[in-house]
Structure formats: C-alpha cells, structure tokens
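Some structures are shown below for you to check.
Okay, so subunit A shows up in both of these, paired with subunit B first and subunit C after.
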Partner chain A sequence: MRIASFGIFILLVFGCGLTALAQDDPIDMVESEIVLPAPASKVIALNHKYDIGEILDVSWESSTSDPELVFGYIIYRSEGDNKFDSVGAVLSKINSFSDEELIPGKSYNYQIGTIGASGVALSEPSEPAIPDWELFNLEMWNIALIGFIICGAVIAYIFSAKAGRKLFIRKIGGLEALEEAVGRATEMGRPILFIPGIQDMDDVQTLAAITILGKVARVVADYDSKIMMPVSRSLVMTSARETIKEAYLSAGRPDAYSDDMAYYVTDEQFGYVAAVNGLMVREKPATCLYLGAFFAESLILSETGNSIGAIQIAGTARPGQLPFFVAACDYTLIGEELFAASAYLSGDPKQLGSLKGQDLGKVVAMVAIVLGTLAATLASAWDIEIMQKFLDNVMLGIFSNH
Partner chain B sequence: MRKSTMIVTLVVVLLFIASWIFKTMTAPEVDSTFDALTQGFLVTFAAFLTLAIMSFLYQDNPFYKFAEHLYVGVSAAYAMTLGFWSTLVGNLFPRVSETLCGWFQVEFSGQHDWQFLIPPILGILLLMRLSPKGGWISRWALAFIVGTTAGLNLPRFLRSDFIEQISGTFLPLLVDWEGFGHFFSNLSLSASGQFVAILSNFVIVSGVICGLIYFFFSKEHKGAFGSASRYGIWILMITFGASFGYTVMGRISLLVGRLTFLMDDWLGIISG
Partner chain C sequence: MKRTVPLLITGIVGTVLIVSVLIPPAQSLGEDFSLFFDIIAVFAFFLGGGNLFRIHLKKVFHRKEDYGFSIVTLVGFLVTLTIGLFKIGNPEGISGSITAAGSGLQTIFVSIITPLSSTMYALLAFYVASASYRAFRAKNREATILLVSAFVILLGRTPLGMMLTGWIPEQFSIFQIPNLAVWIMNSANLAGQRSILIGVGLGVVAMSLRLILGMDRTYLGSDK
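And then the complex of A and B:
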C-alpha cells in the first residue's frame, strides 16, 4: 500500500509539474482545469497463469485523450463490496498491472483511474476475477520432456545393471590413487584427513563426498588406519558418523569405530579453516582428501596440506575453486568426476545407472549444440529462412526458458 | 613451557599493554575514560588477533592456537545463538505460539500457521540421534532433507545448467559472412573485428563439445575421442589459469584491507 501511495504521489507531482509548464499557453490552461481526461476502458482482470493463486493480471485500453495530458493510471481494487482502494500506479504508456499477494479463491474487482492535469477519471469496474493456482506449469513442458528423457534413461540403465549387464565406466585418475594414498598413510602410521566441504547435506556435492567417504572408510577399516573428519555442519557430522560406522561394520571391525572420527567444529567458514589448519600441522596427516563444496578456503587448506607433505586428492564442482585444487593437489576430480567417483567406487547398480543416464544427457546436449550451431551458421551466413525457423521454433523452443 | 617461548610471550604481553595504553591515550572522540579504555583494548586486541593468525605463515605457535580456539569457540557459539534467535524466535514462534512470543517479546503474526510445526518436528527427529535406541529415527529427517533437495534442484539445474548453457552455445560460426573474398580482404586482429568474432564463437562451441566429451564416462578416451577429450581438458585448464589469476587479485585486496587496518587503525602511520 505504501508503494502504491508513493507511486500515486510521484505521478501527481509529475502531473503538476507538466501542468505548470503548460501554463504558458492560456488555452491549454483553461482546458486542463475544466476537462477530465477520457477514462480507461475495457478493464479486464484475469487469473495469472502458473502461480500459486496469489496474482491477478489487470489490463485496460488506454485513455483516448491526448497522451501528453494523461500522466498515468491508478489501479483500484475492490473485494466485492464496491469499496475501491488504490493498489498501484503505472505510467501512461503502460496498460497492464499484476496485483500480487492476493488471497487464493477470493473475488476481486478492479477500476482504473486515469490521471489528468485536472483530476482522475474513473473507468467502469471490471468483472470479478478469482486468483487460482495450477497443478502443472505447462510453460515448462521442455523441462519435463528433457527430465523424462534423462530420468527415463537413468531408470532403464539401473534396471539393466540390476539385471546383470556390465556397465562400462572409464578409469578416473584421482580415484585410482585413492587406495594407494590410504595405504601410504597406513605405512607411515599417520592419519587420513577427510574434509567434506563446508556446505550442508542439502548440497549435492556434500552427498557425493559422503558416498566416497563410505569407500574410503572401508579401506581405512581394512588397513586399520586412522581417519579424522572435522566438519562444519552438524547434519554432515551425523551422516558421516553413520557412513563410517557402516563401513567399519561391513569390514567386520565395529569395535574399532569411534564417534570421535567425525566431529563438529564450527559453522563459520574461516573459524573452521583455522581449526583444520591447526589440526594439519599438529597431526601431520599423510593423506588429505578434500571432496565437496569449497569456497575461499580451498587454497588455504591445500597449501597447508602441501606444506606438510601430504598426498592430496581434491574434488569439487565449484568452478571458482578448481584452479586452486589443480595447482596445489596431486589429483583433482573436476566437476562431474566427483559425482562419477561415487558410482565408480561403489559399483552400485543405481549409481552406475545414474551415471550412464547422465552420459545420455551429455549426448543430447552435444547433438543439440551441433544442430543449433549449424542452423545458426547457415541462417546467419546465407540467410536460409528455413534454418532460422528451425533454430527459433524447434531448437530454441526446446532449449530455452519460457 | 620452553624459556624462549616464555620470553616471546612476555614481550608480546608487554607490547599489548603498551599498545593498549597508547591507543587509550590517543582515542579520538570519546565521552569517558571507560570508553577510551574499551576502544583502545578493542583495536589492540583486533591487531593482536590479526598478527596471531598471520603468524601461522611462520609456523604453528601458542598465539595462533589461542586465536584459533577463540575463533572456533566464539563462532560456534555465535552460530548457535543466531540460529536460536533468528530461526526459532524470529521465524517459528511468531507463527505458532502467542505465549512464546510473549516470553521472548516478539510480535505475534496474528494467526497460527500449523504447517510451521513440521520443521521443528523434523529437528526433534534429528535430535533422536542422541538416544541410544531411537537413533535410527533421525534417518527419516535426513532422508526428507536429501530427497527434498534432490527434487527441488532437478528442475532448477535443468533450467540453469542444462537448457540455458545449450541455448547459449547456439552461435553462428561464420559471423557477418559475405564470402571468403570479403573475409580475407578485411582480415584484421581487432577485438571487434570479424576474425576475432569467428574465432571466439569457434572456441566456445568446440570448447563446450570437447569439454562434454572429457566428462563422458561411458567410453574409453582413445583415438579421436581421446584427442577431443584432451582438447577439452586444455580448454578447462586455460580457463582455470585465468580464473586463478583473477581470484588471487581479489585475495590481495583482502590482504590490503587487513594491512590497512594494522597501519591505519592500529599504528596510525598511514591515513585512511
């Protein structure tokens, strides 16, 4: 309401200013004082599509008066009792307005006030309209289509893997070194440091890190080595403890498990980094694993790890931090390699199927890029109309946000 | 404690006291002696903590340990306090209980939104982890968080990371094309010229395709496929190099910020 009032105030001030300027011409002055502008007409209120039932779209036909004498429109709303309150204002060139934060299922009428130099001319009220919500956003059909293709492929591959079909996954360099790194730590009698990033369990990178942790913890349990896992989120600590515990159970060494293996430090980014750095120089882990979502702490951690001579394997999908890991670590899992790693290590049909399905998504992307680029090139260089239509209607129809 | 450590600690304590006295005496615009003492202490303590953290560059030492433990303790407590007052008192209580709002002196929203009881229920389920027998119940809350996140992120990532990236790569490889004769006769290395525009689009399209090939896990990277994959990783590495330099410059500005604090606010040898 305050915004609406402010808008009206601005429009009126603007209108008065123009009126003052127009006073040089006595005829204009007389006309503006006595003649109201023609009101807006054909006011229509319609339910806004694909929202949660809180918006109505109001439109009208502009006033037929001289555009220079119309300064804007005030939108009035009634809740069915013929008592109209202003809810917004727009400039004279605009003839639509979205009224937001309404109550779903309630009936509303609208009236448009045309602001002229000599006052506000009111239109006829609109027919009542009711904001409503829709179950499906049909404008996002392309997202659904692509989602169905990729998810369908994932499900098909999962069934295929479960049926016993061997799914090929290429070797991933950093993962080949994982077991070697754990073995080295065991030989040196020094611990392994596992950092799962600084994000919570709602980040897919943290989920991937916890999955890899399962495999690492299993190897640690087998080798009777020691793992340290300071974390910056309490939920991650809970999940990590579950994962490590399961790994020790499956290795047949539940007695060797301790809750102290994964512990909470602090949520604060650099407080956490200070603690991990201190831990590194005091405990001198032989292997440091940084897998998950990292921010500015990536270089600080990996440089400290480098200074104590640890083997370092990093993995993140954050493009801004990858350069630091690439520079300071022995192996880096770049982007999707982090997600592929968990499938590769576990051999779990669900994860393998998911990875294969994502590969199909990449094929779709590559084919689309080749077709789109070809169409754009032919349309641009040789003005081939059919290619332009193909690009606009087919390729951009599927691969753009509507 | 070793003798050398004791001497260093003593020197640091003396310097701290000297700095405190000096900053108290030179504190500008203060109403009382207490304010001057407080301001002098805060500036000196902030400078001490800055130097204590920076001393890690030399080696681990008691001052770094002190700063580290203080930082961790304060930030963990702060996070918990903030979570309680902003999430529970600020968001939950005004929606579910007028009585609790009265206790904590926050304004009640006017109506009870019982759906807001779901998050605290999930929170309590998580706390069941502390129970020796009911620990498994916490998995329900975790499963809800993970499942909801995956479901919400799928369409979002499909839009921003898949569809928009693909449509952004629909670029003409021949820009402003009027034939080879025109191209060669107007050949120039100007940044706004035709050659650079064509090269730029070619690098984008080929880089994206070959980058995708690098992240293709279902086929061994050998032969032509392997060459394309190597081209993809080269593009990635060049991008990382540029990103590295850019970010390091940003970090330098952070360092300059701390040095300015030490030189200006603490020592006063430069004017801010």
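And then the complex of A and C:
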C-alpha cells in the first residue's frame, strides 16, 4: 500500500513537471511575439494648488498605440529612492491623476505604466515634485472681495447706528402682526403653535426661527398665554427649551415655564406632519407660526391651520415653498425677512444697522445684473467683441464660482 | 459665564468656518467642527427619544384626553426600538447589517412607515387643489396675473396646449402655449426665485455677523 502511494506521488510529481515543461514551450513562443503598447510620455508631477500640501497632480501624454489596445494606466510613485510602487490606476481615456495624502515637503517621482494586452509598458520617470501648501486660496479672491464689501457695509452701518444715526427700515407686515397674533390667542384662551421647520440646528433657517422664538416666547410669557412647540430634531428641542426658559425668566415668570412646551416628535418628515396635524385638529391653536426650513409639508401644515381658522404667519428661505405659504397663510416672511426678523423685533439700533448694511449688497447685485444684461444684449445682438470680453473677463471673473 | 461661553463658542466657530473657505490650512478645522455637530446631535437623540417616552407615558399614566394616541406611540416606539436594537428577524443575525433585506426593522420600514408616509404625502394633492382655489381667485390685479400664468403653465404642460395653439406660424412660436409656459418658468419665475435667493444670501451674511459679533443673543433666551 505504501509502495503504491509512493508510486502515485512520484507519478504526480513527474506528471506536473512534464505538464509544466510542455506549457513552457508555447509561452516562450508567445514571448518572442510580445509587442508592448507604446508607453505614456511627458510625465509631469506638479504641486496641487490651494491645499494643505498633501496632493500632487500627475499628468502625462497618452500612449500613441491604438486606443483599443490600451486598457488603462497604472500610476507608480517613488519617494526618491527609485523604488516605484503602484498608487492608483485610471482608464485609458484619462491622462491625469491626483495623488493624495502625501507628506508635505517630501520629494516624489512618478512613472506611468501603460496597460496593454501583452503587458505593461513603463514611461520615463517624472522630474521630482514636492507637495506644498499655500496660506490663501487666491482662486477665491472674488468671494473674499464681495464678502469684504458686504461684511464691511454691515459693520459700518452697525457703527453708524451705534453713533446715533437714524435709519429707515421698512415695515414688515408679518412681524408687525406677531404681537397681535399672540394677543388674539390669549383672548381666545387657545394656544400658540410654533413650528421651527424640519431641519437641525446646523441650518441657518432653524437658527433664525429660534431667534424669533425668543421674542415670541417673551410675549407669550408676558400675556400668560400657552405655547406648543413640537419639533422634529432633538437638538432643536434642547435649544428651544433653553430659549423659552430664558424668555420666561426674563419676563419674571419662571414658575409658568414647563419643559413640555417644546417636545420631540420624530425625525421622520411625514410622521412629524401627521403628529402636528393631529395636534392642530385636537387643540385648535389660535395662532400658528411656521418659521424655518420647510419642504413638502409646508402646504399640508398651513392648509390644516387654515381649516381650523388659525391666524397664520410663515417664513422660509426656500423659494419652492414660498408660494404654498403665500396661498395658505395670512402673512409670509419672504427669504431675507426671516433672517431680519430677530433684529427687526428687537428694535435695537445696532441690529437694525446690520439690516441696512444688506442694502449695499443689493445695490452691488442690482448694478451687476444691469451691467451684465446690457453687455450680454450688446454682445449677442450687435456682435460687439469688447462687450463679450467684458462679460467673460470682468463679470464672470468676479461673479462666477471658481 | 453662562452667556460668555456660548457667545465665545459661537464667535470662534463662526469665524473659523468663514476663514476656512479662504485659508486652506484651516479647512480641516471647518470639517472637524461639522463632525462635532454630528457627535452632539447623536447624543441629543437620546434626549429626544427619552423625552418622547416620558411625555407619552405621563399622558397615559394620568389618563389625559386622547391618551389612546399615546399608547399607539409608545407601542410603536418600543417595538421598533427593540426590533432594531436586538436585530430581531435579521437573517444575518445580531452581527448583520441593520438594513439587511428581510430583517424586522426593514419589514417595519417597508410595510408600515413607507405606506404611511406615502399616504400623508398623497394628501398634498387635495391641499394643492384647495390652496390653488383660494390663491387663483381673480380678486385683484396680482391674483389675476397669477391665475393667467397658472392657466398657461397648466395648459402648456399638457398636449391640449399644443393642440390649441400649434397652428401659430413658426416665426411667432413664442405665443404657442407650451413655449409660453417654458418662458414663464425659465424667465419670469426663475428671475423671481433668484432675486429671493440673493436676498436670502445677504440676509444670512447679516444674521451670521450679528451672531458672530454677539449682537444677537436671542438664541440664548434673551438679548441682554
């Protein structure tokens, strides 16, 4: 038995060896006919602009071989010791690659391998390149300039108001009606419903809603009315509670405050809508305030509020939802009015000054629109080259996002 | 102290987030602050869940009006939480993905939450009809313009628009209802939307400055 096993083993070993030898011949034959694709050329590695010194951009000229026979490129990197390791691969139509997570200040060389049916053809190595970082993103100069002008104007008007200069701020109907709406609810003995949208505290509209809540809660505390605030985000609930609590404290009525005034319902959009609609139908609030970021639920909420006869004030910065609020609510704060509400309601000259500062931004926008429209009309209707250049170089240079 | 710390945090984080757009080395700080928010939001979720449970339990315990709804909420909350936490019915077991096909949580989502959400969303169709009826009544000049625009767009989005005005010669094709609808949407409507967005952008800048400079403290409860 042992002898038989040994015999089979010997046979297998020899069999494998013979098979390998038999296969060696054709491979040798093919190797003699191997034609590698033409390698990529002009490999250049450059520092990636405006990063933190961790990226190099590698580019090359594609292989001159038949594109159908080139499957792609492998990017090899060396850290100056001529030992090239693969760091990525791209398809044959692409001739650039961004090598990320490098060490700033270190020197790197690159080689490109062109993948063909018969093997990989290596290019000449690139010149060494060093990833470096820049302090300022100069590509964003236009954003910085516009931001500087607008922020500067806002701050200048704040100081101007602080110095006692009288500023004219137009009346905002929705905000003028706020106190009246709370008063109406108090008279009717019914609660006030405050909905701060369905986004979290990282949305500026929710933040705007919370700042308005502070004012509303203060009036509610003064009038000894009742506020209900179901929310769809836990963080909004905690912020809202703090805001309402502080408002009651500053009104001198801490005893009237309850944690149940602001409570969490669900993050699920339509689950939240169902809960709020049910609450509206059961509790019949006299005043409904919808201020913040809203989506498809805007009309469902405001139509339900309309059906129970509540006075409704809405405000959002989402243009898509504004028509629904305009159709269903008594007052709507359109876009910027939502963000202006807190300053407007405070009556503080410094805060009102910031509203005035926005106007300079509007002037810049209006001038740009008029100039751009004129230049585009002249360039296309009368084929005036200088206008086209003005559009391409000046207007797009300043107002496009790089 | 209670006010100074939040004001300092707001000022520093706000400034860093603005500066990180222009200064590449500060970019990672901006990303880190966004991550901090996510971490805080996760912890706040426990507060939210706890609050939901407490409020509805109190309502049931005190037999308050409509406490039946609270029972439904509590049962739904606890059942979903248990199935999700212990991955009950998960074909891949406790170590499997929470969203694995056929798992208990996935079944709840597909069989209960999705149909209920769709039902709520479907209500929108009826609300759009009732709101449109009120908005489109030609009671003044603006409402009349709104009515006419809406009528043109409604017709333009249906084959009837082309059937009615398809005979208009090519050189006056702008007056064909489908083309008029496209013009209203792409020119008049878009211009209006963009003007609102410009105002929103400026409003955000002014409000952010008020918060960063600590002038608007209403989010802390009072502006003192």
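Details
As a convention for this text, the second predicted complex is superposed on the first by the 304 of 402 C-alpha atoms of A that agree within 3 Å, B and C clash if a C-alpha of one lies under 4 Å from a C-alpha of the other, contacts with A are read in each partner's own complex, and residues count from 1 in each chain.
The rule we apply is simple: a residue touches a chain if its C-beta (ideal position, glycine included) is under 8 Å from a C-beta of that chain, and two chains touch if they have at least 3 such contacts.
Just so you know, these numbers come straight off a predicted model, no measurement behind them.
Superposition of the two structures on subunit A leads subunit B and subunit C into a clash.
Once chain A of one complex is fitted onto chain A of the other, the partner contacts of A:V281 are limited to subunit B, with no touch recorded for subunit C. Within the superposed three-chain model, A:S380 lies in touch with subunit B and out of touch with subunit C [touch as defined at top].
Shared-chain residue A:F324: touches subunit B and subunit C both.
Of the two partner chains placed by superposition, only subunit C is touched by A:Q351; subunit B is not. By the touch criterion stated above, A:G335 is placed in contact with subunit B and with subunit C alike. When the two complexes are overlaid on their common chain A, residue A:G361 makes contact with subunit B and with subunit C alike.
In the superposition on chain A, contact is made by A:I52 with subunit C only, not with subunit B.
Of the two partner chains placed around the shared chain by superposition, subunit B is the only one that A:N401 touches, whereas subunit C remains out of contact. After overlaying the two complexes on the shared chain, residue contacts for A:L235 are found with subunit B and with subunit C alike. The clash between subunit B and subunit C in the overlaid arrangement falls on one stretch of those listed (96-104, 168-176, 186-194 or 222-230), that is 186-194. Comparing which residues of subunit A touch subunit B with which touch subunit C, the overlap comprises 140, 143, 147, 201-202, 204, 207, 235, 238-239, 242, 264-266, 268, 270-271, 274, 278, 282, 296, 299, 319, 322-324, 326-327, 334-337, 340, 355, 361-362, 365. On the side of subunit A, the complex with subunit B involves touching residues 140, 142-143, 146-147, 167-170, 172, 201-204, 207, 235, 238-239, 242, 264-268, 270-272, 274-275, 277-278, 281-282, 296, 299, 319-320, 322-324, 326-327, 334-337, 340, 344, 355-356, 359, 361-362, 365-366, 368-370, 372-373, 375-377, 379-382, 391, 395-396, 399-401. The touching residues of subunit A, counted against subunit C in their complex, run 50-52, 133-137, 140, 143-144, 147, 150-151, 154-155, 158, 200-202, 204, 207-208, 210-212, 214-215, 218, 233-235, 237-239, 242-247, 249-250, 260, 263-266, 268-271, 273-274, 278, 282, 296, 299-300, 302-303, 317, 319, 322-324, 326-328, 334-340, 342-343, 346, 348, 350-351, 354-355, 357-358, 361-362, 365. By the touch rule above, subunit B contacts subunit A in their complex via residues 53, 56, 59-60, 64-65, 67-68, 71-72, 74-76, 78-79, 126, 129, 138-139, 142, 145-146, 148-150, 153-155, 158-159, 162-167, 169-175, 177, 205, 208-209, 212-213, 215-221, 236-237, 239-241, 243-244, 247, 251.
Per the touch definition, subunit C reaches subunit A in the complex via residues 18, 21-25, 27-28, 34, 37, 40-41, 44-49, 51-52, 55, 65-66, 69, 113, 116-117, 120-121, 123-124, 127-128, 130-132, 134-135, 192-193, 196-211, 213, 215-216, 218-224.
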